[in-house]
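Structures given as structure tokens follow.
Both complexes below contain chain A, partnered by chain B and then by chain C.
Let's turn to the complex of A and B:
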């Protein structure tokens, strides 16, 4: 591991200034992703600025009936909070479906959505990867694609040598729930504070796969706000994986049924970002929720999907799998 | 680059100078000579390095020692009080819940954490209901202990050991 300086400044404003002033500096939350990456040599900072004890570790009621979750609240504490379990079951379920007890006790609200992809090539510094080393190409195309994207990728088979190619997925379960909940991210940066809608936090690879989010260097997540749900709303998270426990999602679904005919759907394991299924939501709006209408809605959502060939027949299985998972999630919610 | 930290390990405070890159696991094993937490994978995947960090089970291989200056750490080595084994340790003996023993200190610290989490009413992915009081069913124990891998496959006896220590059936 490359040597680095460690700092725990007096407050968040100083932490932001410290990181902004040093191009390679990074924030440290629980460390469960960052420390792994330091060891793997895929993040090589000169300065690590610890914010775990600087940001808030409390979950506060907001005046509108929502909740403000401080960036240092652990994934365990958030999933165990009574208000979250009762009012936002989709979020508690997503957190509990992720990682393990020993990891959730360290992992933070700020760090979880900013964890990097689990693409095996990204994590292996000996391979070409546009996300890790811009311009080197993408080793995943035609390789091991079981955990890779089918949405938000070019209609044709991506060119593995092009600098913009990346078919990685975002691995966070929590983030899929936050996308369905229309959470709001409170950010403090060198230019001041701003609020970013959670659905806009993560980006598609576009021209620059190295950037996972819209945050600028030095921008710190200080809290995540959960807006209130309408009375009678129901929500759930469903994750499909290769083992019953302790595995990343092949696909996952976060659904919020507001009770007045509107359904919000977010999909995990299918794209570079937590994928808000707005086309499917549009098809379902105001109508009855039957297996046929949900299948039709998902067909519209997945019309532009591009299954990736690769070892073990690639990842085309995700298209029927995510459709069935949405059907099952909504059926359970309506039951 | 070096930093000074104080770590209280199994009740004894230690002041030491560590390289900022040192994990809690390496500080315990290499600097303080406490080899009960094991290095299985060093990447957060196996659970062999599990300790109780400020009362909660945590992976010591992904925690930087500098980031936990002032922390209270309990390892499997420090669980026994006055020569009496901790109920979880006793249950692992009674139920023959290990073979080579490499994963065992991590399993035991994790189980101590699990029983505390269950007492607090923390939910799990295996529970039928997010708001019901958790019970130590086979599925609950298997889910809550899934971060501790056992290469010998002693799981069939680990689950009953955790149930026994939790005061349940089995």
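Let's turn to the complex of A and C:
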């Protein structure tokens, strides 16, 4: 670990100024991901700005019937909130499906969506990784791809030596639920405050896999707003993983169903970002929700899916698995 | 025949003597040893899988304030012996596997040592590496012997002829994955070199045997036994990976010699343990079974392929248990090894038996299905009268009783039909047998003294969480005929008499035997009313070792598996084992061993898998977030039961060793249960949902 300066400014404005002024500076929230990365040499900041006590740690009712969740609210607190459990079960379930009790007690609302990929090559500073060290290539191609993307990747097998190649997935469960809920992200940056739709927060690798989100350097998440759901909406989160707890998703599904084929679906474990399944939603809209229509909708969504070969048979299994998981989730939701 | 001790303390579920200290956190482990002014070492590891180190730029590291020493292949001391190439640390510029030790930094703090180590820039002349195990390689070789001194190949009768003429045959290839031991306490050492006189090295090392540890260090550094003391009162798990020292122990000792008079602490990180602390080789097992319509086996053959490192041979004996498990006139077993550019494999809980009972016990299940015979009945029909491998009678063998009692307790007779569905879950049950040889090491000595009205025994034994602190006083008390509360046993220090490794489930058998000899000699010499300071030593009586019987512990494992019909997720709500392992010295610590072994077997069945990346040349998932070990949520009702088995041939305690048998057979039972639930036969561990989905 490289030594760094640690700052605990008086307020969020000062925190933003501090980080904006130092190109390698990072914000510290719960630290459940960043501290690991500091130890592993994956990030080497000169300045760590602790914002844990600066942003709101309360969950407030909004006038439109939604909720505003302060960035410092822990994952445990958010999952336990009665309003969240009653109105947004998909979010409470996603939170409780993530990590462990100890980690959820530390992890924050602002920090969780900004956790970085669990790609084993990203996490090993001795291997090539375009996300960690732009231009070095991608060790995951043809390697251990079980936790890697099948959506939002090139149609052909990616070139491991190309600087834009990255087949990593975003690991957050909470983020998948927030994508399905059409949450809004309140951001404060050097240029002032702005609101970013959650579905636009994360990005695909594009030309620059090192950037996970659209946030600019120095921008800080201060709160996340949950809009009200239509009356009678039901929601659920289903996570499929290799062991029953304390594992990242192979695939996951966040579903919100409001009747009349109005279904919102977000998929986890399949792409560089929480994947809002807009094609499938379009196919289902206005029609009956049956196993056949769901399968057809998922076939449309997954038409461009590209399995990544690799050791231990690669990750092609995710394509049938995610369809099966969506079918099971919607079946349980309708039951 | 041995006169078994009259059990008074033996058989009681006494609480762990070390439990309070461990719960309070006052039990000191190797890295925590309180020492004056410790320095900290952090290793530098190779980042290529094969080649040579051509340059190491250590200027930045050496320039950091607080860095005390930088060790590289060009500056490190020359070792007295480099014969064991795993231990020949920093003795050449050759890189034989990725992650190999190529340097170290010693500094005032562990953080600084790590930072300085990270700053060292290494230049390599890289060569292409070869790390892929396959049964089709043209360079597989037959080792001289396999682990534990077993014959490499055995053959009796004519397997090919039996296969050709049998009513039914099974011919399949099964594989087990690479596994890493991953004890909770990482491998760690505190080393102190006192340069006075001829020099003296003290090692507080996390080890399964202070004396074997010392012997290895003495050999490598050319030191006399008196010059080295190894101390290890507590071990936070080892599972075999601390049964021999690994390269980091030599590195810690080298670092200490570079800083005479200052203790140096070195703990491997969890990630480093995936390169440097041993592992279980992946195995490829080609099985052949031939049987008549009644299920009587006419042939059993297993051809095993394993890997080792190019720098050191460790040939896991995975073909060995099939030699003796069931009766069949025609039998064959072979072992072939691939020497690769990979880290050095070593012992992991039940080497040989653990992977080696996977293929055979799944193959038997396949045969039972083919024949339409209950898998328990099939095993009973092939119960051998004597050891098929040696022809010796069994010292005791109660496999059939384990199967029957297990079936009764598990409710086997009422088990649901194949592909039974309960809501969205497919339900199946499975069974497999387990076995582990009963071993006693040739050499261990106990010293027994009467001191302040108490009996004090000293022996350099190790308690790696198994219960030695607790069970050795029980044995000693019964051998002396006194209350166990009046006995202290001191272990974990080479200042005490020599003791064998805590390995091969032989610890209690071996150290207990020495304690019994010492206790009997003590009574003979001093009678029932000793005086303060009366003292005798006792050695394991090797002459009394029974050689006329085949001695094994046996068991039967039962599993209920549930597979989600949509997603293929696998849950194991019930795991039940029944074991015949001789006399159980302490039911409390024994149950922990059985249940722990079975849970580790469940972990092997469903989760554990060191995923090898041949492109990079290393384990891809080298931390505990990505290398999955079964967690609490995966473990349901785990029950361990045992028979009251009397075996007069094994040793004075009548004990057979229980640390390893629990893991044996579990994975096969899980696979068999998953097959019953889904109809999908998984022959390659671990059983994961992607392997089931095409069949659901």
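Here is the rule we use: the second predicted complex is superposed on the first by the 334 of 335 C-alpha atoms of A that agree within 3 Å, B and C clash if a C-alpha of one lies under 4 Å from a C-alpha of the other, contacts with A are read in each partner's own complex, and residues count from 1 in each chain.
The definition used in the following text is that a residue touches a chain if its C-beta (ideal position, glycine included) is under 8 Å from a C-beta of that chain, and two chains touch if they have at least 3 such contacts.
Bear in mind that the values here come from a model prediction, so they are computed numbers and not experimental data.
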{"item": "Touched partner set for A:246, first chain B, second chain C, both or neither", "value": "both"}
{"item": "Chain B versus chain C as contact partner of A:142, first or second or both or neither", "value": "second"}
{"item": "Which of chain B and chain C A:3 touches, first, second, both or neither", "value": "both"}
{"item": "Chain B versus chain C as contact partner of A:76, first or second or both or neither", "value": "first"}
{"item": "Partner chain(s) touched by A:50 [first = chain B, second = chain C, both, neither]", "value": "first"}
{"item": "Touched partner set for A:290, first chain B, second chain C, both or neither", "value": "neither"}
{"item": "Partner chain(s) touched by A:93 [first = chain B, second = chain C, both, neither]", "value": "first"}
{"item": "Touching both chain C and chain B, counted on chain A across the two superposed complexes", "value": "1, 3, 244-246"}
{"item": "Of all residues in chain A, those that touch chain C in their complex", "value": "1-3, 41, 118, 120-121, 123-124, 126-127, 139, 142-144, 146-147, 240-248, 250, 311-313, 317, 320-321, 324-325, 327-328"}
{"item": "In the complex, chain C residues that touch chain A", "value": "45, 47, 111, 114-115, 118, 271, 424, 564, 566-569, 571, 606-607, 609, 611-616, 620-623, 625-626, 628, 630-634, 688-690, 693"}
{"item": "Of chain B, residues touching chain A in the complex", "value": "1, 3, 19-21, 23, 42-44, 47, 50, 53, 56-59, 61-64, 66-67, 110, 113-114, 117, 120-126, 130-131, 142-144, 146-147"}
{"item": "In the complex with chain B, residue positions of chain A that touch it", "value": "1, 3-6, 8, 28, 30-32, 35-36, 38-40, 48, 50, 52, 76, 79-80, 82, 85-86, 89, 92-93, 96-97, 99-103, 105-106, 244-246"}
